[in-house]
Every structure is written in C-alpha cells, then in structure tokens.
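Consider the two complexes below, in which subunit A is the common component and subunit B and subunit C are the respective partners.
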Partner chain A sequence: MSLCELRNVKKIYPMGDLEVQALRGVDLTIEKGEFTVIAGPSGSGKSTVLNLIGCLDRPTSGEVLLEDRPVAKMGDTELGALRAARIGFIFQSFNLIPVLTAFENVELALRLAGHHTDNKARVEKALRDVGLGEHFHRRPAQLSGGQQQRVAIARALVKSPALVIADEPTANLDSHNGKAILQLMREMNERDGVTFLFSTHDAMVMEQAKRVVRLVDGAIVDDTRRAPVYAGGAS
Partner chain B sequence: MLLSLALRNSLRNRRRSLLTATMVMLGVASLTVAMSWLEGLFGSTVNMAANLAGHVRVVDADYARREQLNPLHENIAESAPLEAAIRAVPGVVAVYPRISMGVTATVGEEIGEEFGLVQGGPLALFEGPLALPGHLVEGRMLASDDEVVIGKKLVEKMGGKLGDDVVLLGQTQDGSMSPAKLKLVGIVDLGNAMQNRQIFVTLEKVRYMADIPDGAVELAVYGAHRDDGAELAARLGALPELSGKDVKSWDQRPPFDNVMGLLSTVKAVAASAMVFITGLGVLNTMLMSVLERTGEIGVMRAMGLRRMQVIWLFVLEALGISAIGGVLGAVLGGLGGYWLQVHGVNLGSVVDKLPATIPMNSTIYGQVTPEILVSAVLLGLAMAVVGGLVPAYRASRIEPIEAMRHRR
Partner chain C sequence: MIFLAQLALRNLFRNFSRTLITSVTVVFGVALPILGWGMVDGLDENVLRASRTTITGEILLRPDAYPTDGIEFPLSKAEVVSPELAAKLDAAGAWTARTVFPARLVKGMEAVRASGNAYDATTDGTVFPRDKWEIEGAWPASGASEVVLGEGLARLIDAKVGDEVIVEARTFPGAMNALTFRVAGVVNTDNAALDGAGFWVENGVGEGLLQLDGRRTHVAVDAHGDPAVAAAAVGGSGWTARTVQEECADLIAANMIRRYALLFLVGIILLIAGVGIANTVIMAAYERVREVGTLMALGMKKGDVAGLFLLEGAGMGLVAGLLGVSIGAAGVLYWQANGIYFGNAVRNAGQVAMGSTLFMQFRWTPILVSWCFGLGIAVVASLWPARYAANLNPADAVKAD
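Our next item is the complex of A and B:
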C-alpha cells in the first residue's frame, strides 16, 4: 500500500478571465518512510502538489488517493478529521498561533487530532525531540525563527502522523538554522520512520533528500532516488 | 480550549478590544439611563394612576359607555351587597365605593367660577391607596362630613385658606342643582395642576350631593399588586352579582390601555435600536480581527478545527469583550440613573397640561431597578451576538488552504 498517490492530476486556477494551468497531469506515488523533496523554480507548482496531497485542496481533474482511499469521495468534515489525524503540516512562515505558548501550540494539534489522554507527556516529549527542552511557556514572539520552526515541527509530529508535509520549511531561516532543521527531520525519518514530503528550491535541502522530484511548469521532468549526502550531526 | 483561546484573542489587540468594549459600555450605559428615566417617568406615574383608579373598577355598563359625560344616574344604587360579594373573592384586598362629580367651587359668597372635581369615598380610600396624608402641605385630613380637603392649585385659584368656608355647586343624579358648604381643613399637593384641582369629601357627603343615598358610581377594587389587575378583573367579571356591570382593570381602560402598550413598544424600539447600532460597531472591529487572523484560522482549520468551532471562537471572544463592556456600562448607567433618581429633571408646564387621570409629577426622577441593570447587561450580550455572528461566520468560511497561501 502506498501512502499517497496522484494519478494524472491537473489543477487549473481561474485568474479573472484567464486560467493558470498549475499542474498539467502529474503522476506521483509516495511510499511509507520516504524523505522526498519536490524541487523546482518558483511558480512550478510545488505548493499546489503539496496542497493536493495534504488534502487542503481538490484537483481540477485526476485522482488523489490517501492510503488507497480516493479523497474525492470524502466530504469536508471527513477530510478534516483525516487531516487532523494523519497529516502534519509545517509551513514556510511557521504559522504558530501567536497567543498560545510553544507547549499550547503543540497541544492544540494533539487535541484537534482527537487525543485527550496523556497529552502533557506527549507534548513535552515532542518539544524535547526537537531540542526545545526549555522555553515551553514562551509565546512565538519570544522565540527565534529557528526555535519557532522547531515548535512547528513538534506540532506536526506530536500526533504521530502518517505523513509530514513541509512547504519550503527552510525558506525563512538562515542557512545555519535551515541546516539544523533539516538535520532534525532527517533524524526523525531515520530513527522513527516518519514520512516527509517537502518542497524547496534550496540546493542544500535537495542534498539531504533520498528522492528528488523535479517540477517545471506544472509537470514532472525528473524523479531520482539516491543515497543522500548525510551530514551527520552537524548543527 | 476554545474558551481560553478566545479569551487570549480578546486580549491581543487591546486597543481594538477596548474600543469594542467601550462601544458596548456606552450603548448599555445609555440604555440603562434611558430605561431608568422611563421607569421613573412612567413607573411612579403608573403606580399612582393604578392607585387612583383602583386595580379594578366596577361601574354600570351604561356608565362605561358614556363615561365622558359622567352620567351620575347610571349608578350602582345599592352598593353594599356588591361590595360584600367582591370582598369574598380571593385576591381582593379592599373595595371602596366612589362617586366623582364636576363642580364649581368658591370661597365665601361670590359666584363660583373655578372648576373642580369632587372625589368622594371612604376615608380608608383616601388614606390608603390615594395616600393623601402624605401629600398634605397644610392642615389635616377629613374628620367629618362637613369638611373638605382640596388640591393646592384650586385653593390658589379660589384665593382660599385653611378654615375658610368653601361652597361647591354641582348637580344631583337627576340634574337638580346641588350646593354644599364645607370647611377647608387640608390642602394637598398631588403633583400636576389638574391633579391639584381635586376636592376630597366623605362618601356620605358625596352621596348626599349626588343624591345616591345608598350607592356609588363606581367600586374601586384593590388586589395585592397592580400587575394582577387584569387577572382580578377576570375573576370578578365571573361573579353573578356583577352581571351587567363593566369590570375592567386600570390597564384595560383609557388612557393606560394605550399608554402601557406604547411604553413597551418605546422600550423595545429603543433597546433594539441600541442593540443594532452597537452591534454594528462590534461587527466592524470583529471583522477586522477576522481578516487579520485569516492565516492562523487557516492553520487551525488545516489541523482539524471544525467550522462550528471557528464560529464559537469568535462569538465567545465577542461575548467576553461585550460582557465586560456591558457590566461597566450597567455600572455607569446605574450611576447616571441614580443621579436622576436623586436630582430629577423638572418638566414643568408640559406636565401641568396633562389630564387628572394621568397623575404625573412635574419633576421626573429616574428609577433604577435591578431588572433594568440585568436587562441592560443582557442587551449588551445581545449586541455581542448580533455583532459577532457575521464575522464569526466569515471566519468559519476560511478554507484550510489559507494556511499555505498566507504569508506574514
């Protein structure tokens, strides 16, 4: 069973009288345990692919399957519940809830996923796993960008999702912090088998990937699996 | 979780929340003052009117039909048996036979030219429901059938003083001239000018003047509270002894049948206008918050927050802010109403032109009641719901994909 699959997916955005063809027939299968990067220039359709796989949006045509279930057949409520339980999101601009502390941001994700027991221990573990042993009770504004993105990773991972989707997670970080964040995600992938799917146009990120899918003008031009340059414990 | 999130959201843009709370506060405060004012304006007036008229009035049906003409001959010739029957009805506290008649009044021997309204009834009526002793400005209450207590306006017009002989000229029930000479023993101030043209005499005296020796024109019935009037009237109307009589509570008769309806309409309109206006203000500021938080709402939606929960999030926030504004507004408005209660506002000549059936004071005092304060706070919350629902609905329409699109 593949984790998720796009079958001949097209996505057209209406733009006034014009139409933007964001995806022109994409076939893509993501397997469990992968660490995949969608690479490509800006406007090539990376975010659109992630939105479709993350069930945040529906394709204009073609099929999206999540754990072999066609997404098209699910209603918004069912899709919401599925998203909450099975998919973790990491955003380019972190998008933490500003009025909640680091701890609460992570806990919110857990609660929305329907977990109500043992939350404290799980949240603390998730935060420690991303290297935020302290600062539990700081609000996002009191944390650096790198720390915020760590909280975001903890928030995505705390519910043990089947898939973590990260749209340009390092784009708003300096190269040092970006490397560290990526390192962290690689470790989680290696150690716990968490499946990651990124988009990026950062060469450093691509180096870390086990699989690179190249997108140009809404079409896949290259799909390479390889042994990544594993940068060890540099952080 | 939603509650704590809503609470914190309400604190994040303090200036805006303060603005929202202030709008609600001002709305609630002005409503409280307005309602205290209305309560003072009508509450005491209505109370006096109900006491003056009797909670329930029993008259002959023909009298009721031509009431304006005060047809004394359409009277209740034998009042005692009816009084007894009425007194036996549960809920009846007191029943008094009464006769009122128009007269001219003079001091000394001059020809009468001052108009006055004779009110005749048992002393218990004057001292109980009409509370005349409390309104005495000079002299004392009636002690015999040959004495009279008169409103101060009429005394002024007649140029009379305590101890003077007052000559009243009226008509008996069949239209004969009916003079009476009485000693002025008391002067009362009952509020407005028409009220102060009343002349109070004993039941025996008025029966003699009207030539209705054993009867009355009306029976004034009192229950425990004026608001029970209609219910009491229904019970009395069922008595076989009262068949052919007109039995109505004070608020079923003019002018209060109209006034009371008008009063609640005025209150309702004022309250809804205030709720609407303030609600619009709340709507405006809440809408700004929704637009500002599009990204994070999208994030929470992506993480599984349901539409209904988004609605709650914003409604709770609006409710929280408005509750604070509402309580402060009730306090502020309560103080304003209390000021009116202590100092009052003199309406003077406007009130003096009102008829005697509307016993309104020239100086209007506010009246703050717990009901007013509670309903003002509740209306403040209604403002929050009115103003919060639209933005909350807007927020609930934000799609999870906004989480990805949004760049801060």
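Our next item is the complex of A and C:
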C-alpha cells in the first residue's frame, strides 16, 4: 500500500471569468519513508499538489488517495480529522500561533489530534529532538527564525504523522539555519522513517532529496529517484 | 472547550488597547441602564414618599363627590366624618382629617393664590411624622390665629416668622371671609408642591375661617396592614378611599415614559457597543487569516474556529458586562444610601409633588437584563466575523499575508 497517490488529478481555479488550469492530469505515488521534493518554477503547480495531498483542498477531477482512502469526496470535518491525525505541516513562514509558547504550539497539534494523555512528555521530547530543550516557554516573537522553524517541525512530528508536508521550509531562513533544519529533517527521515514531501526552489533542498519530481505548467516532466548529497557531511 | 477559551482569552489581550476601547463602550452600555433604571425607580419612590409623608398617608379618603384631579379643592363638597367611618378608620390604623381649601394670601401689597390645609393638631403627626420636616419658628399654638407657610410660598410673598398675613377664602356656605394671621413658622416638608403653595392652620381656626361645622375634605390613613385591603375596608359611607399608589398613578405613568426613553437611549448605546465589538472581532478575523488557516490545517473544525471568535466576542461582553454591572450596581447602592439632592431644581420646577432628594432603588432585574443584553449583543456582533473565519479556505489562508 502506497502512502498517497494522485490519479489523473486536475485542478482548475476560477479567476473571474477565466479559468486557470493548475494541474493537468497528474499521476504521482508517494511511498512510506520517502524524502521527496516537488520542484518547479513559480506557478508550476507545486503548492497545489501539496494542498491536495495535505487534504487542504480537493481536486477538480481525478482521485487523491491517502493510505488508500479517497479524500476527494470527504466532508470538511472528515478532512480536518484526517489532517489532524495523519499529516504534519511545515510552512515557509513557520505559521506559529503568536499568543502560544513553543510548548503550547506543539501541544496544540496533539490536542487537535485528540491526544489528551501523556502530552507533556511527548511535547518535551519533540522539542528536545529539534534542539529546543531550553525554550519551552518562549513565545514565537522571542525566538529566531531558525528556532521558530524547529518549533514548527516539532509541531508537525509530535503526533507521529504518516506524512509531513513542508512547503518551502527553508525559504525564510539564512543558509546556515536552512542547512541545519534540512539536516534535522533528514535525520528524522533516516532514523524514524518519517515520510517528508517538500516543495522548493532551493537547490540545497533538492540535493538532499531521495526523489525529485519536477513540475512545469501543471504537469510532471521528470521524476528521479537518486542517492542524496548529504548536507554538512552527515549521513 | 477550555483550550478554546484559553486561546480566546489570550487573543483578547493581544491587542489590548483595542479590546479596552471596545470594552469601555460595553461597560457604559451595561452600567447606564442599571443607573438609569435605579434613578427612574427612585423617582417613583420619591413621588410616593413625598405624597405619603405629606398629603395622603398610605390611604387617602375624599367625599364621593369630591374631585380627585388634584387641581380643584371645592369646599362645598366637604363632608362630616361619621362615627361609623371613624370606627372603620380606627380599626384600619392611625388617621387624621384635614380640610384643603383654595385661598388668597395677602401680605402688604403682595397677594398670591395658595392652598390651605386645616389640620388636626392632635392626630396629624400620627400619620405625617414631622421629624423630617424642617420648620423655622413653630407650629401654631392651640387656638391662636397663627399660620405656618410653606417655604416656597413664604419666599414668594417675602413673609417671615412674626409677620402678619391676611387669608381670604370662601366659606362652606359660600360667603367670602378674611382673617389676619401671624406667621408662626415657615416649613419645608420636602414636598415641592406643598412647600410652594401650601399653608397650614389648625382645624379650630379653620372652623372660624371656613365655617365648616365639622366637615372635612380629606382623611389620611397610616394603615396597619396591606393598604389595598385597608382601603377596601374603609371605603363607603360616602367617602372614596384610594391608596397612595393609586393617588400617584399619573406621575408614575409619566415615569414610564422616562423608562421607555431610557430604554431607547440604552438600546442606541448597546448598538454602538455591538458595532464596536463586531469591528474588533472582524479586525481580528482579517488580521489572523493565516493563523486561522494554520489552525484548520492542524485539524481544527470549522465549528471550533467559529467558536473561538464567538468566545472572544463573548469574553469581551462577559468581562466588560461584569465590570459594567459592578459599576452600575455600586452606583445605585451608593445613591440608594446617600441620595442625590436636587433641592433648587425641584423647587424651581414649580408645583411638582416630589421630594428634593432622590434615592435610587436597587433591583436585580435591570442588573440581570443589562448584563444578559450586553452579553447577547457581544455574541450577536461576533457571529458574522466568526462565520467569515470558519469559512476560510485553509489552502489559501495558510499563505495569507
């Protein structure tokens, strides 16, 4: 069983009187444990693919399967429950809740996934795993960009999701922080078997990927599996 | 739910100055009707108190044919209090008989129309305790040709204790009579109508002036039990009995108009408060689109997103409402104990039967109604922003600026 699958997926966005075809019949399968990058120029459909796999949006036609469950016909509540339980998100702009501390931001994902026991230990472990053992009670405004993205990673991983979707996770970080974040995710992929799916323009991220899917004008033009070049010499 | 409430509370403190400004309108919107209601209730109490302590007692009896409009005081309708009625009155409580008569008061070149009260020196004080009446000089000595003038009336004709005044009045048989009286005292009964146009003479002296032959126009009763029951018991025998509430019904009805006007104003204030809350929550919803998208991406249900914004509005309404209730209730309790003195304003208002001090009246109903209404407005004002936030598309919202 593949983790997720797109079958002849099309997505059309209405723009006033016009229609923009963001995806033109995409077929894509993501297996468990993959570290996959969706690459392509702006407007190629990267974010649309991530939104569909992340159950944030529905296709105009075609099928989206997550763990063999068709998500296209699910209601909002069902999709929300699926996201809460099975998918972790890492955003370009970190998207932490500013009124919550690092601890509370991570705990939020557990609460929304319906976990109410042992949360403290799980959150503390998740934050320590990303190197933020000393910053539990700081709010996002008191953290650097790199630290905020680490909190976001902890938030995505704390509920042990089937898939982590990261939309340009290094775009708002300097190269040093970007490299460190990427290495962290690689380690989690290697050590814990967490499946990551990225969209990026960043060559460094693409170098780290085990698989690179290239999109142009809403269609897959290349899908390459390869051995990654490890950042910082880690392997 | 607790988590949502915690998050909502923190969001309220996020833009504290905006929350504070909006809350102030709610505080006023809730506090003002409580104070206003306390004041209008105080006006009712004031009117009843002024009447009870100076004119009617708990029950006022007039001869059946006597007008009840409070404008005409025809001496020709006076009647004798029969032994049968006196027995009923004795059973009902303390009572006193008075004769109210129209008169002309002359001092030197000054002459004014006035309302005379011939009272029974023995029983008048049992119905109208005079401990709160302020008198300069003294009450007339028994059988002396002396008069006590209301403070406003004395001022009008520039009469002082010891001066002489001529009282002209029509007698019961219909002839005009005029007698000279010495001003024994100037009284403030704290009933502006009475103090502005009234004077007092003893019944014995009144008999000489008016040739009443034992007739009286008013009997006031301080009933032992329920005034309505007592009024029913003493009525008949040619006299009509009305309770003080019935006597003051017109003035209290006029106060109802004040109540409606107050409700109208309060409605406008709460509407402004509601618009303020709606504006605050709408601003919050527009400012936090990405945050809402993130919460949805993490799995928050639409209902919970809407609930979050409703809780923020309701939280504002709840806290500001409690503050408004506290301020309003504290104000009412303070002015219930200490009163608000309107002395000159009441005197200058003319012959209005009300006291110079208004004591607000505390009641739970306006407090509960104002608070619930404030809270309701807050929740209703948050509905649209909550709906807007809940219907955001998470895919777009997570990337909003």
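A few remarks follow.
Just so we're on the same page, the second predicted complex is superposed on the first by the 230 of 235 C-alpha atoms of A that agree within 3 Å, B and C clash if a C-alpha of one lies under 4 Å from a C-alpha of the other, contacts with A are read in each partner's own complex, and residues count from 1 in each chain.
The definition used in the following text is that a residue touches a chain if its C-beta (ideal position, glycine included) is under 8 Å from a C-beta of that chain, and two chains touch if they have at least 3 such contacts.
Treat the numbers as computed from the prediction; the structure is a model and nothing was measured.
Taken together in the superposed arrangement on subunit A, subunit B and subunit C clash. When the two structures are aligned on the shared chain, A:57 is found in touch with subunit B and with subunit C.
Of the two partner chains placed around the shared chain by superposition, subunit B and subunit C are both touched by A:100. Looking at the shared chain after the overlay, A:84 reaches both subunit B and subunit C.
In the overlay built on the shared chain, the residue A:199 is in contact with neither subunit B nor subunit C. Once chain A of one complex is fitted onto chain A of the other, the partner contacts of A:108 extend to both subunit B and subunit C. When the two complexes are laid over each other on chain A, subunit A has residues 47, 51, 54, 56-57, 77, 80-81, 83-85, 89, 91-93, 95, 97-100, 108-109, 111-113, 155 in contact with both subunit B and subunit C.
Residue ranges of subunit A in contact with subunit C, taken from their complex: 47, 51, 54, 56-57, 76-77, 80-81, 83-85, 89, 91-93, 95-100, 108-109, 111-113, 155. In the complex of the two chains, the subunit C residues touching subunit A come out as 3, 7, 10-11, 13-14, 290-291, 293-302, 393-395, 398-399. Put simply, subunit A touches subunit B in their complex at residues 47, 50-51, 54, 56-57, 77, 80-81, 83-85, 89, 91-93, 95, 97-100, 108-109, 111-114, 155, 167. Note for the complex: subunit B touches subunit A at residues 1, 5, 8-9, 11-12, 295-296, 299-306, 399-401, 403-404, 406-408.
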